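Each of the two complexes below includes chain A, the first together with chain B, the second together with chain C.
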Partner chain A sequence: MLSGWSLIRLGTVLVYLFMFAPVAVVILLSFNSSQFGAFPMEGLSFRWFVELANNDAIVRAFKTSILLGILTSVISTTLGVMASLAMVRYEFPGKNLLNTALIAPILIPEVVLAVSLLLFLQFLSMPKNFLLLLLGHVIFTLPFVVLVVQARLVGIKKEYEEAALSLGAGPIQTFFAVTLPLLMPAVLAGMLFAFTISFDDITGTLFWKPPGVETVPTQIFAMLRISISPEINALGAVMIIITVVLPLSGAALARRLARRSAE
Partner chain B sequence: MAAVAAEERDLRPWILLSPALTTITLLLAIPTCFVVVYSFWLRTAAGGEQVGFYLDNWIEVLTDQFYRDILFQTFRIAAITTVLCALMGYLPAYFIAFSKMRNKAFLLLLLMLPFWVSYIIRTMSWINILGVSGAVNYVLTSLGIVSEPIQMLYNETTVVLGLIHFLLPFMVLNIYVSLEGIDPNLVDAARSLGSTPFQAFREVTLPLSLPGLAAGGLLCFVLGGGTYITPLILGGPTDAMFANLIYEAIIIQLNWPLGSALSIVLLVVLGAVVLLYNRFLGLGQIRKGFG
Partner chain C sequence: MAQQANAVELHNTVKRFGEFTAVHSMSLNVTDGSFVTFVGPSGCGKTTTLRMIAGLENATAGDILIRGQRVNDIPIHKRNLGLVFQNYALFPHKTIFENVAFGLKYRNVDKQTIARRVREALQLVQLPHVEDRLPRQLSGGQQQRIALARAIVIQPDVLLLDEPLSALDANLREEMRVELKRIQRELGIATIFVTHDQAEALAMSDRVVVMSNGFIEQEGTPEEVYNEPASEFVANFLGISNLMSGSVEDASADTVKIAVEGGPHLLAHPREGRGKHKGDRARLAVRAEKVFLAEQHAADDDSVIIDGTIDAVDYQGQAARYFVTAGNLSWQAVNPIDRHPFHEGQAVKLRIRAQDVVLLDPARSGNGAEQAG
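Then we have the complex of A and B:
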């Protein structure tokens, strides 16, 4: 038994190593003072981060990505919360079908989603612009928000809302005074989820982005086509911090909020 | 409150649903139908589109051996990736589910972390590991094991490797969710009835975790089969997957009718996998991962 378990433990350690080593190497190399984005390490330096901050194209890509991520997460969380309320709190005909429709965007390969949205909006003579990018990101992140919010909403007792209603609060008042505060951790989780997915997306973005506009992932993609440079590693390190530290602190915040509302 | 209003037709759920449903109808349902129509149009020599009902794209896509080969190659790469993810994913999922350690939640979170790290960064990070001036070649040449750096990148193996790195967290999470739901008394019962630990695993734990394995497998297969970024970054010229053909047709050649036909093929093929899964196992299992 013991040897079996130690084998499992060894396997687990190896899998963790496999998952983390490449990411760790990116961070390590981003501090390499060498001209080339590769081994050997010649010394520690922050110069590549400084060059990043001075690189207009990269700074612009960051601004685009952040704006896109924030707009996407606000819109898709609003749509997602409303739809989840309908799904969890009401009974109506066709519910199962609609529930599948809500998560349909992740059941369809993202390339196909990207192609259909692009071709349809071009057919309507809408040029490739920021709006197309935003619409694409909203449709693609919506299912994730719906799944996260629904899972949480199922666990919130209907009795709280019924109590508020029986005490004379209107449905909208009930939502803002009772349901929303209880749902806040899921709303934040959904927003973060949507933001991170949007911030990271490249599959659809390469189809939707107007010429000349780059998000951080497409900027990295364009730079990779030339060669791997120390700047890419530094950019990678910054991306890792944004996409890892942000959700982690969000999760910690959500847990604190949940604990407070439970008290 | 739903019960009271149910007597008359309750419009509230429909009001709540309408923004999301409008979005999905306008941005997903109608565009997908439109792509079907588009695939019957023709690209003219001038670069425009000839509206009509032409079967040319479909005849090309369905009869050309080239497309069949790439489709087969896509299936092979996705299948190998899925099987390897299942094998590699089971160990940590099992360890986290049955470990007596106090920091189980932390271990799970740790394994989910790469899931948050940008897909393109994770894909590109393998160039730092396996590239000509990457970590492995650096170690090998400094130790004098090889005199010249070995070319390890840009082949089917590195594409599979990149895909595993991308998809493994989905697999671990799904297996973990189903292992976590197993009543530990069942394994104890099997043991007390005289089975060895391995027998107990084979007869009790493994069958009970199959729904999680299947859900993880579906995600790995469908996400792996629909990607074009990993082959572009880590693959060689002959390692294209089906989605690469779509990217090529739409973005590079601007042959939108052909790209439409190719998109429909990918949608039907991967959609059939999802439908088969839903028919026999149900999509509910995948939702559990979000709980």
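Then we have the complex of A and C:
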């Protein structure tokens, strides 16, 4: 007879299976040598990865996505750090309202955000371009960066900065010599967040991308409309590496840095 | 007589936070090389005043002068101050050397001089071999020494210490007290020290500024504020005092006699009777250590002897604190113990010398006193 605890164990295993089995299947099938991406597998091969590398459209989409991700993370993090400093270190009227407004893009459905930005652009009679796409990604990655950086900044005692100022470092020198190094784990985490979210995004990107520009997700989406090619499995495997392994290792690095700089 | 230069001057300095006035029109001079302590309960304005001098808060009104120069509009990083915090605030990501050298880097000092001065500063705080370590590898007391080294290595005009000993445990605190005083003497640097600990204030200072509710209650040498408290607040805050109300019976050139309500007549020193007349209301204070208990006292002209009974004994080892009832009044007495302390219920005689009876300034009494409890 099954005891209560074994039922719980079984349930846990099933939930995890449900969550990760599809991912495992995609990775497994990406090594399938058969023309059709389905079981049973005929043999192991890197064939689809090679074809992926030779597919110009996909390589172009990769480059776009990576460029977009890097630019988004750099801009978002820069803005996010500055916004967090204002929110945590200074008092000004309307601070709570502004802070909420900064976090709001998380709460607004992405479709709504996507359409409104598009309409706004039309109102300004500007054509869709890469800059718009970048702007859109910055808008909805910014809240994540702000949340991460603010949380850390609250924990950095003001006395460190006051000590630096008293020793003759100006406000900007103090930021670079004291605040930023102490904030670094959060800055790195924020950048990784922003990059991953940008790299992953499809809803907003579909609305904002200029004609002819594809990111990896929109490229997969386009390919799926034609046929389910085994290439997509290989692409999926690569995406998983970039969006899961990268942030996890980044987080581990950030934790180590945090430990080192902790008192 | 030559006027001694002032390291810091406050002229009617005020600090308000919205409706709340943290520091009321405060004026003060800190002479060169002196050790001045701001002491008072939390919320009395001592830290706010220190932060205004440091430039971490802007004064709402009044002037702040450092070495004769008005600094109200000079930002903190151009004031040349040494600042030490309660929680040390050593930069956790920098080594001890980098921490101590930090201020010198912004002063155009060449590398060799930096290395030499850091070494000298570390020697002064008696931690010469920790240059390569990180702050978290040092104990609290060591970290506070490094924080002190970091503050003095830049040769500041004033050293500002914000409760620097409060985070340390009791034994270390007393050791650091002596150490801090030695370093301050050696460097001859004007120092402002903020504390809520009356023992620290009395032990370390050239001058003590007792604050309460944003006002200066009294300023003077440790002996002055201890022996001649200007207000009830000061009498209560520094040690234990017996406070009484009464009226002046006689205030002549050589004797002052006061009738205490519900109690005896006390004699006070003639200096206390200045400006007093027969019939004036008076508040008076007698320190608990100045109430001498014995089974028998020899009578003399300058003291009053009262009969009392011990209510309770608080044994403290080298001394004891007694709660004594005499007539309608309760007294507290702290006396050194000779062999055995008095026991509960024992009949004793209280001797109060005229020189120990302090008449408080009635205009100042009550200001902040209710909070002293």
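Assume the second predicted complex is superposed on the first by the 256 of 263 C-alpha atoms of A that agree within 3 Å, B and C clash if a C-alpha of one lies under 4 Å from a C-alpha of the other, contacts with A are read in each partner's own complex, and residues count from 1 in each chain.
Simple rule for what comes next: a residue touches a chain if its C-beta (ideal position, glycine included) is under 8 Å from a C-beta of that chain, and two chains touch if they have at least 3 such contacts.
Owing to the predicted nature of the structure, the values given are computational and were not obtained by experimental measurement.
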First (chain B), second (chain C), both or neither touched by A:97: neither
Which partner reaches more residues of chain A (counting touched residues only), chain B or chain C: B
Partner chain(s) touched by A:165 [first = chain B, second = chain C, both, neither]: both
Partner chain in contact with A:44 - chain B first, chain C second, else both or neither: neither
Chain B versus chain C as contact partner of A:182, first or second or both or neither: second
Common interface residues of chain A - those touching chain B in one complex and chain C in the other: 162, 165, 171
Chain C contact footprint on chain A (complex, rising order): 157, 159-160, 162-171, 173-174, 177-178, 181-182, 260-263
Of all residues in chain B, those that touch chain A in their complex: 1-2, 6, 10, 12-14, 16-17, 19-21, 23-24, 27-32, 34-35, 38, 88-89, 91-92, 94-96, 109-111, 113-114, 116-122, 124-129, 131, 133-135, 138, 142, 165, 168-169, 197-198, 222, 225-229, 233, 243, 246-247, 250-251, 256, 259-260, 263-264, 266-267, 270-271, 274, 283, 287, 290-291
Residues of chain A touching chain B in the complex: 1, 4, 8-9, 11-12, 15-16, 18-23, 25-26, 29, 36-40, 78-80, 82-83, 85-87, 89-92, 98, 100-105, 107-113, 115-121, 123, 135-136, 138-139, 142, 146-148, 150-151, 161-162, 165, 171, 196, 199-200, 202-203, 206-207, 216-217, 220-221, 224, 228, 232-233, 236, 239-240, 243-244, 247-248, 251
Footprint of chain A on chain C - complex, ascending: 54, 56, 75-83, 85, 87, 89-93, 102-103, 106-107, 135-136, 147, 150-151, 154
